[in-house]
Amino acid sequence: MTNKPRVLIPVALALASLGSAASATVVNQAISEAEVLQAQKAWCKALVDISQTHATSGQAAAKALAEKVIDGAYGYQMGAVLFKPTLTVAPQTFRTTRAGALAYFVGGDAAFPKDTGFALKGWTQCESKNAAVFISGDSATTMGNVMITDKSGKVTTVDKTWKFVKDDAGKLRIVVHHSSLPYTAS
Amino acid sequence: MTNKPRVLIPVALALASLGSAASATVVNQAISEAEVLQAQKAWCKALVDISQTHATSGQAAAKALAEKVIDGAYGYQMGAVLFKPTLTVAPQTFRTTRAGALAYFVGGDAAFPKDTGFALKGWTQCESKNAAVFISGDSATTMGNVMITDKSGKVTTVDKTWKFVKDDAGKLRIVVHHSSLPYTAS
Amino acid sequence: MTNKPRVLIPVALALASLGSAASATVVNQAISEAEVLQAQKAWCKALVDISQTHATSGQAAAKALAEKVIDGAYGYQMGAVLFKPTLTVAPQTFRTTRAGALAYFVGGDAAFPKDTGFALKGWTQCESKNAAVFISGDSATTMGNVMITDKSGKVTTVDKTWKFVKDDAGKLRIVVHHSSLPYTAS
Amino acid sequence: MTNKPRVLIPVALALASLGSAASATVVNQAISEAEVLQAQKAWCKALVDISQTHATSGQAAAKALAEKVIDGAYGYQMGAVLFKPTLTVAPQTFRTTRAGALAYFVGGDAAFPKDTGFALKGWTQCESKNAAVFISGDSATTMGNVMITDKSGKVTTVDKTWKFVKDDAGKLRIVVHHSSLPYTAS
């Protein structure tokens, strides 16, 4: 037992001599691909959840949930989100404000008279499939397809770009969201 | 003349007491809004230039110019660009490679059989109008409209998102480009 | 005078034809040099304030103020701050925790027995003079001197590096702080 | 065998239903901890290499190597490096230019008359030991000790902060370097 200190000291020295970072505190705020995929899945789940809430509990409940989703997953509190939803038209194509996003998802806002509530359309499934993911600096951007399925089983595919940044709490937030229907030659 | 030192010393102290950074070397790699607007104008000019080169000198000359534009203004050398051009369709919607971008702009690539050369369509004018600009960390993202005019004076408006990063030489490069025709209710 | 409208209209068109972003929402999270200089001045002011609070109201009041300063100006809530204060020694040279920073500034923590409270030393003035400022991506880093003056008028100069990031509320926070006495050949 | 298509189709659907990014192109420019540790080791190796080159081939050869090291591992081409070497004194404490860094490492520059060449002092070993590593946005910063050993076996420990950014070629470059001898109460 008296040998124990002798053994421990060289071990400690050996570790130190590796220039080891074993004991270093590491704060890593970089965005990982896994976090990106998780944020995309969460967006899809939220869309279906709002649809289901609408079906079971009505528009007011769906709106309350949509507000929670927008406040939790988008970055409107940063000043603006660059949001081009799939179905909006000029002069209200771009929904850079929270109110514009909420109107798009659940409708019922006289200031956005053409919005009937995209998230209320009875979506039952939603999946994303990335063509590419670009992680750089403080952000991660994805481009690819999102496939959403309605009650009848019909699948709508959109082309979608999302840019995420990580907030102070470590949560990814959408700061750019461009969604469009695939081009069809007329 | 003997007063000069007395005058100079307090001046020097006064400057120092401001905690002045007057003599500090400042390296500022942040992206300014002016740089973003300039990069957008350069993209527009390049589109018209390629069209004009095509009209006056043929496809080979237009292709050579397009290659120069892509290499100078996009970030393909970083590994990929998240590029969804206006008119592409599945399964070649996303042009994450340089070859895919070049084919879209000037056509003539058997690997992209549906590409007829978007930049060869005789564009005479191009302007961008941002709905929002978001500058954060190492990137700047814009969302808005780009209006392009053909020889007959017909204007096509697209919804467009661009994300720029600054390369080591200080030049903005497009790493994300999502372009889509406005939604039209069917 | 009747020409005025004719003049104005082309001007308006000319502006529009520049692809003007006049009406665009701009969110710019880049750190400006002015923000950096302001954060440095705030650090200096806080140091003097803690000293004065200590002199007038005692250590407990100084400690309470120091806690407020640390929580408001450093980034410990991000997981760690890379803080090497001027006067610390091994094995407690690096104060990566909030407790370590607080002990350094105001002492009175048995876990940091050598700390007597750097901010309690009766500082009356503090100025920073940058040799260089480097703004890049999400951070700004400064290197230069900070000159602090005690009650007797004696000035101590330190070599100091600060790295600031901007938090979600738009406030600069210190995430790196390396301070050292100038080298003196022995 | 006729079942094969039936089997394959569900498999393809199953994969798609995972929202799989399996085939996505991923560009990830984030800095990893491993890259940081590697860059630190490279710095240490370069210091010892310059010392050995000096011993075997003279100052000119050491200087040529130091130039290569500075150009490869620092970011002077970005406009400045925030470099406070261990042994410099006012008014040349901060070496924000390449010339100042080179003079510090190998001496022989009349513009920096106090520099005798830090890297020429016969260093035989060099190791770094991080107290903390902070990775955020486009940079990684480390703080800790570096232990350098001379020919006689004497170890000098310095407190060191490094900030690295990744250049367009994917290589980490030092843009901030603050090195200081440990504080010793006088």
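When the chains are written out, they are named A, B, C and D in that same order, and each has its own residue count from 1.
In this text, a residue touches a chain if its C-beta (ideal position, glycine included) is under 8 Å from a C-beta of that chain, and two chains touch if they have at least 3 such contacts.
Chains and their UniProt names: A, B, C, D = Phosphoribosyl-AMP cyclohydrolase.
From a predicted model like this one, the values you see are computed outputs, not experimental measurements.
J.: Quickly list, by label, the chains bordering both subunit A and subunit B.
T.: Output, common partners of subunit A and subunit B: C, D.
J.: Mind checking subunit C against subunit D and telling me if their interface is mostly the same residue numbers on each side, over half, or mostly different?
T.: same
J.: Using CA atom averages as chain centres, what separation in Å is found between subunit B and subunit C?
T.: Going by mean C-alpha positions, subunit B sits 35 Å from subunit C.
J.: Could you grab the centroid distance between subunit C and subunit D? Build each centroid from C-alpha atoms only and quote it in angstrom.
T.: Distance between chain centres, rounded to whole Å: 25 Å.
J.: Can you give the whole-Å distance between the Cα centres of subunit A and subunit C?
T.: The computed centroid separation for subunit A versus subunit C comes out at 33 Å.
J.: Two or more other chains in contact with one residue: find those residues in subunit D.
T.: 25, 27, 29, 80, 96, 131-132, 134, 136-138, 142, 144
J.: Which of the residues in subunit D end up touching subunit C in this complex?
T.: Against subunit C, the touching part of subunit D is residues 80, 82-84, 86-90, 93-94, 96, 131-132, 134, 136-139, 141-145, 157, 159, 161, 163, 165, 175-176, 178, 180-185.
J.: Of all residues in subunit D, which touch subunit A in the complex?
T.: 16-21, 24-33, 37, 40-41, 44, 127-138, 142, 144
J.: With touch defined as at the start, can you tell me which subunit D residues reach subunit B in the complex?
T.: Those residues of subunit D that touch subunit B are 25, 27, 29, 77-80, 96, 137-138, 167-168.
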